[in-house]
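One structure is given here, and the rest of the page talks about it.
Labels run A, B, C, D, E and F following the written order; every chain starts at residue 1.
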Amino acid sequence: MASSPVHCDLDFSRPGRQHGHLYLPFSYNMAGWANLMVPITVLNGERGGPTALALAGNHGDEYPGQVALLRLSRELKLEEVRGRLILVPCLSMHASKAMTRLSPVDGKNFNRCFPGRPDGSPSEVLAHYLSSVLFPLADIVIDIHTGGRSLDFVPCAHMHLVPDLQQRERMRAGTEAWNSELAFLYADIAGSGLLPVEAENQGKTVITTEMGGGEAVPASVHRLTQSGLRNVLRHFGVLDGRPATRRELGIKPVRWVQALDREDYRFAPESGIYENLVDLGAEVSAGEPVGQIHFIERPDREPVPVVAASAGVLIGARSPSVVIQGDCVACIAHDVTW
Amino acid sequence: MASSPVHCDLDFSRPGRQHGHLYLPFSYNMAGWANLMVPITVLNGERGGPTALALAGNHGDEYPGQVALLRLSRELKLEEVRGRLILVPCLSMHASKAMTRLSPVDGKNFNRCFPGRPDGSPSEVLAHYLSSVLFPLADIVIDIHTGGRSLDFVPCAHMHLVPDLQQRERMRAGTEAWNSELAFLYADIAGSGLLPVEAENQGKTVITTEMGGGEAVPASVHRLTQSGLRNVLRHFGVLDGRPATRRELGIKPVRWVQALDREDYRFAPESGIYENLVDLGAEVSAGEPVGQIHFIERPDREPVPVVAASAGVLIGARSPSVVIQGDCVACIAHDVTW
Amino acid sequence: MASSPVHCDLDFSRPGRQHGHLYLPFSYNMAGWANLMVPITVLNGERGGPTALALAGNHGDEYPGQVALLRLSRELKLEEVRGRLILVPCLSMHASKAMTRLSPVDGKNFNRCFPGRPDGSPSEVLAHYLSSVLFPLADIVIDIHTGGRSLDFVPCAHMHLVPDLQQRERMRAGTEAWNSELAFLYADIAGSGLLPVEAENQGKTVITTEMGGGEAVPASVHRLTQSGLRNVLRHFGVLDGRPATRRELGIKPVRWVQALDREDYRFAPESGIYENLVDLGAEVSAGEPVGQIHFIERPDREPVPVVAASAGVLIGARSPSVVIQGDCVACIAHDVTW
Amino acid sequence: MASSPVHCDLDFSRPGRQHGHLYLPFSYNMAGWANLMVPITVLNGERGGPTALALAGNHGDEYPGQVALLRLSRELKLEEVRGRLILVPCLSMHASKAMTRLSPVDGKNFNRCFPGRPDGSPSEVLAHYLSSVLFPLADIVIDIHTGGRSLDFVPCAHMHLVPDLQQRERMRAGTEAWNSELAFLYADIAGSGLLPVEAENQGKTVITTEMGGGEAVPASVHRLTQSGLRNVLRHFGVLDGRPATRRELGIKPVRWVQALDREDYRFAPESGIYENLVDLGAEVSAGEPVGQIHFIERPDREPVPVVAASAGVLIGARSPSVVIQGDCVACIAHDVTW
Amino acid sequence: MASSPVHCDLDFSRPGRQHGHLYLPFSYNMAGWANLMVPITVLNGERGGPTALALAGNHGDEYPGQVALLRLSRELKLEEVRGRLILVPCLSMHASKAMTRLSPVDGKNFNRCFPGRPDGSPSEVLAHYLSSVLFPLADIVIDIHTGGRSLDFVPCAHMHLVPDLQQRERMRAGTEAWNSELAFLYADIAGSGLLPVEAENQGKTVITTEMGGGEAVPASVHRLTQSGLRNVLRHFGVLDGRPATRRELGIKPVRWVQALDREDYRFAPESGIYENLVDLGAEVSAGEPVGQIHFIERPDREPVPVVAASAGVLIGARSPSVVIQGDCVACIAHDVTW
Amino acid sequence: MASSPVHCDLDFSRPGRQHGHLYLPFSYNMAGWANLMVPITVLNGERGGPTALALAGNHGDEYPGQVALLRLSRELKLEEVRGRLILVPCLSMHASKAMTRLSPVDGKNFNRCFPGRPDGSPSEVLAHYLSSVLFPLADIVIDIHTGGRSLDFVPCAHMHLVPDLQQRERMRAGTEAWNSELAFLYADIAGSGLLPVEAENQGKTVITTEMGGGEAVPASVHRLTQSGLRNVLRHFGVLDGRPATRRELGIKPVRWVQALDREDYRFAPESGIYENLVDLGAEVSAGEPVGQIHFIERPDREPVPVVAASAGVLIGARSPSVVIQGDCVACIAHDVTW
């Protein structure tokens, strides 16, 4: 793979805390010779712990992780750090500023750009830098997502079923250490080029999340994102201190669920105004309507129902009321035992 | 006042259910001789009850009321109606379709257009039609709002303190009949031209709400909107049946709060990424930070806090994480006794 | 009325041909001290004939008149002109360039801006200049329209029924002199501020047209526009020569029709894809479907028909297939005798 | 070739009529986990006839075929179908809704995307699905075009001169069965990746059309599209019944024309306002002006003519009056004998 | 005049330095209850000097004044201030952020909004606040302009010829105190509603400038803006210290020029690419070409010249090369003696 | 490499002057069968001199070269031409019209598209045509740049250090023949696909420039562009006549400078309003602030300085005052001796 044009003004091997930036060469109408600057912070404890790479803003409209990493990069005391912590609070800077999922610069879904290309568009160049420079530095890769603006999610940590059983077990334990009520096993039914898959392929212990969704971020979701992240870092020995157990926190034992079947995802059969009929996190039975679509031009027209294909828990639900045909309006997950 | 150019294809005095439209003459680039069509339904029970005019979509990005009225217009049985019910499920059709607060046609905030003008822009013409034709037909005017995309709200019914004490008392009782946990007394600190003020000035019993906010509409908010609306209509005798009491529904006695002081509304002191620090509906003390603003380009920069000016309950909170200087990020209300 | 800020670099009293411009002071982001320049040509024959003011581009997306006046301003020999001819080939320059009906500068429908204001937006300033300077110079005012991009029209000259019977008779005769197959009597059901109404109120003989419509302009429509205009100018003695009679041209006697009733205009009952079922210019019977609306997301859904309210001739039909609820899709006219 | 990520909810082998959709996985800012849904209908007569695949909406702004297939999918009685008919009424859903030629999703010209890629943009993924799944199911492929918004066309069926003489003869006969007055032999002077070429390369009998053009669709063009399509399907035995002959319909024998030379296509030499000087379908001589370009800012400037390079029939003409340098303004075809 | 809805969080009578904001109530799609916040700083020396109100960002794309006031508000030592200094560094916040002359919020030219309206659009509300609250507090009003993005200007202070001779003399002396090489006497040929005119009508001593123009701001222009402003404030006794004389600074005696005739402003006769032929600040003779317009589509076409109507100094010249018909491309001024 | 789809209507071997166009097949929403037409002029003297290919408008917002080539193509007398001169005054037509650096058609930076692709987007197709057809015809390739809208530059000719010493020496001499005060040696620190690199790789003598920058183009810059270009053409014997020496023109001996180090380019550390502190062309010392960033929302916040990494001459400076994090704000060059 060709070398990356990205310049980083940090020295990852230097002890202590450094705030810096990645510089991606970039040309646009308002600046011919510009760099897309991506903030990065490293905290190097040099006490023998592993290296964790924590990422947020993979999709621009997912803010809890961005806030958690911005806070962690300033608030963490250096003496709390055993190993090394590399924090990239906002991978998709332009998308975050524009409140969009996709990059307004190149139109790309950053989470479909891996392993990236050193001569591609900005999203592809950054993906390549992660794949070729940052992932190799890390033992643990944490990528903090939410459902974004369009999909409200029960806040949960989640993971893939990777084939390597030792890697899988490390990931399962780390996922549970987030201490969310649900833990979610997901599959990429359609789509390739995901950031976590590239990190998994490199053998990393990968921890991912859906920290709620929709535009509103309640304080409780910020708290879970920030406490879960710290607990995972303690679990892996990147930070000092014993990780908190669910029992200590007064949370029920984790409930593992999965949505691996195409039918678990329900799509709007027609454009209109969607009404959620089931509360997020509630149980649904097979054939039960989870929502219905109304037609504002025609109050006399019957709404079109969307029904659950099988029983389960409503783990994700459409956030905006306006839907276009084909938008995902519901995700129904099923209990799973390891 | 000159007569309205709006044409209505319904006969309000005819018994039974009629679905129809208001036609506002309108010219745009894709149709020179067009009408902006606004759906309207009338259910006329002719059994001696009062007339209620129920409105939604005053702001386009507020959907619970739109859904409630669409459902009511179809699902209500004619024999349930004692008096007359006039339903306009979506006042701002273009804004609702575009998911915006303001009209994309004329850029107007519909709730600042009253009493309207017969020769103005579409929003002004429709406001004038309401003021001059629909309000005079009604005894009760119900205008269902939410906080819209930008502001998450504790779902509540609310009202102004109108000077006429009998009118005020009718409104207080009707507001409580919505059976929301909080009831909210609000003042228009800055702004004129509101729909409810025009209706109040005409002596109507006006019932308004903030049925949550943010883009996501949980099923529970749809339920409260739909049940509250029906209960208010029963309370006033528009619909048959005894209104449900809070006790029957297992809800605590209503808590009346108010936010009448400029300082109760907190604004973003600078543009950035806003983190809510207090849960919606929680109590805050004077001087407590309710949120803080982060700076994504500069992880090393300290966040700027937003603090409560006085103790109260956080009744409204910023929904999108990105804020621009001056955006309202918090509304803090205080207990009030009648 | 205050004086106009518009500057004209022509001298209307000077004999001969002058090409010049109107200058409207105007500020926009790419030029702080700019003028909106509107081309104008005067041909002054000084042989005792009347003054005709011929206008086009009232709506930007109506080109046959713009082309006819551009050609006339260059091709007319000065010796053909008895009286005086003032030509404004494009009233709405920005709209013409942008291919839009409304002005992209101020969002106005120029044909709803009369009598205008000297301190208003550019469309209002130009309307005021016409009302206060150009109309008083003229005996005959010709305003060449088409149906624009959105409405395909049987090419015809048309007129209002003005109350002054002598003025009405002059207009009837001038309208017939255009030698279109149909002549159309129209009323402004909803709308005020029209250019021809202001000119009529000033006692002018006003001649207007719908020279086809839709984006495509066949060569035959250009020919009718150009020959009709010259014939009308001959009819009034502005140009030399005997006007051509219909008999000489081999055209049937004129057929006068009118569409004065609201029901003569049919609007799309719902957004979708519109299919014209009747040929433009064909006869329709009462209750006959003139078109139907299809739903591309739902091939299984029955199309919604649009039916004629009464029998007549289909004089105007929707041009673009995509329709939004409320767009005019058909205009049905009825025979009338003087 | 890798397998397609497209999911189809129809069973092509099941007898009877099924309305369904193709689901293309797709992510955009308003829905992270969405599908672009493309409607598809299959009518399976199971009486031994061949399979025809009929397509429309290849370019979004070409509606006659979309309407014809929507109608056919509902109106055809199952007992009329001998073989199998697969109908995709709108290949470019977003473009059709946006009234554009190119896809607003990925900016692609769908008719330059073949054979497509399973990992490309939505247009490429759909092209690949057609190439790899739908074409192999079909004996006859029908792709219904018009000139789109920009080019008005004499309604005609057309075809390529494929090298296989038997395939060519099947296509010639099918093309004539559309019963348009002209039949058009065309070549792809510049451009590759066309849908019909891929289908031809797979040995299919390919029938294509230019069913008029410009935004306006007269009822007569809808009739020709719908009757021509049915007649072609009868011709090939997909539908029951004897195909109508031209003689029965009172149409002259078919006139075959071709425009295979670069000089047959005339381009605007400069931006301005284009005036068609020749009626569509009329004969032109070599050197004759077919149009001229006017300059609205400068009425004094002579128009720039566009002349025919050689004699022929004007088969296509510019629809919008505004032209940009390089736009095609005329297509001149020449008689050809087989 | 009704009272302003604008809230100011400063106390103008309190001694010392205060940084604060004006709050204009404002509703937009991303924040229903927002304030447009306009920064304001007051430095109150309380030593008997007059009050100066210094303003910048009247047009958003004019930055030297914005920078000068931002610096002055921080860098000025309180002990330097004799009287009172009220600084509003950016009147048009949205326009400044968007790099535009006009407000992107309401499309207004702020310098045509005076005296403003308390119930108008944001620009009108702010204009009204200045007219009714800030101007009455001030003895001297300074409004720092440049030519903006579109017009490059010889940096100069300028003024109107106000009718009151004492006021005029105070303004002349203040204008000269800016120590620019040229001083410019200008008239508002077309346009009303200017900020300085409203302040002049209230009897204020008004000092205005054109501190260069075009997008680029050389360091030398920033220096002249900052030094000129301080010198004017010393001249009027707002700041301590003797004002610098031109002799001390090594500058030639001031040259007063004027451009009061319509013909002094030259406009693009046609759209194209403009080539400046005369250096800014150079002398031109009557009939001399100051520039010419080229046509990129047609290299063979002769350029169209723009000539000076009379001899003078080229004080302003078009900055962007692309011009639209009617854009101002040159301003030619003439020597004047007092 | 596959053959180009570009058609050229000129015959490069024919003697004399020809104005023509390149035709790139191109499809867009307003013209399905269009060509992107690129003007080209050839002057063939046929007197044994070399062939020079002179190009401008590589970036659309760089106009001095476009104007110079438009003028040269018309003003040059054929008898002045010894060899052959091929002029392409505007490579990026859509960008030039839109006043943008990048192509609004495909979003590409044309100067990163080489060697191009015959089946790519319009920018890539044109790059391929240059690489495969025009470069092989030329001995000398001249590509006239400026800093564009975003970067103001000391007008200078510049070049790469190509490895072939003879080619390098020809380029050095040619660069000096432009007679700019500075001559600039530059390296492509990050970026590939440049037009001059492709021409250099083909062994051509390549001459490039930065003829100032920012939107404003003073007459002096047009003069230097036009005189420098003619002098270079005389230097190489393409035009008749002895090239002017610096001594004759009264210019100091050339000063060669270079900026080959990443640190020579300074980027905005944060978004805000940038103030240039050093005049373009002035000397700076190491550690000296060249500019600072202000924050318009927060006048109380200290500006963030941008400092020179090493001593040198400020050869390029930010033109627009608004900067986004990562924009280049300063380029500092260092003396070099050959």
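The rule is simple: contacts are C-beta pairs under 8 Å (C-beta built on N, C-alpha and C of every residue); 3 or more make two chains touch, one makes a residue touch a chain.
Predicted model, so just to flag it, every value in this text is computed and none were measured.
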item: Other chains in touch with both chain C and chain D; value: A, E
item: Most remote chain, CA-based centroid, reference being chain E; value: D
item: Whole-Å gap between the CA centroids of chain B and chain D; value: 49
item: Centroid distance [mean C-alpha coordinates] between chain C and chain A, Å; value: 58
item: Intercentroid distance (Cα basis), chain F paired with chain E, Å; value: 35
item: Chain C and chain E: spacing of chain centres that average the CA atoms, whole Å; value: 44
item: Multi-partner residues of chain F (each touching 2 or more other chains); value: 37, 149, 297-298, 320, 322, 325
item: Every chain pair in contact, whichever chains are involved; value: A-B, A-C, A-D, A-F, B-C, B-E, B-F, C-D, C-E, D-E, D-F, E-F
item: In the complex, chain C residues that touch chain B; value: 59, 61, 100-102, 109, 112, 147-151, 189-192, 262, 265, 267, 320, 323-328, 331
item: Contact footprint of chain F on chain A as seen in their complex; value: 5, 7, 23, 25-37, 119
item: Chain C contact footprint on chain A (complex, rising order); value: 270-271, 297-298, 325
item: Parts of chain B lying in touch with chain A, wherever the complex brings them together; value: 19, 37, 39, 41, 57, 63, 66-67, 69-71, 73-74, 87, 89-90, 93, 96-97, 99, 149, 152, 213-220, 222, 273, 275-280, 282, 294, 296-300, 302-303, 317, 319-322
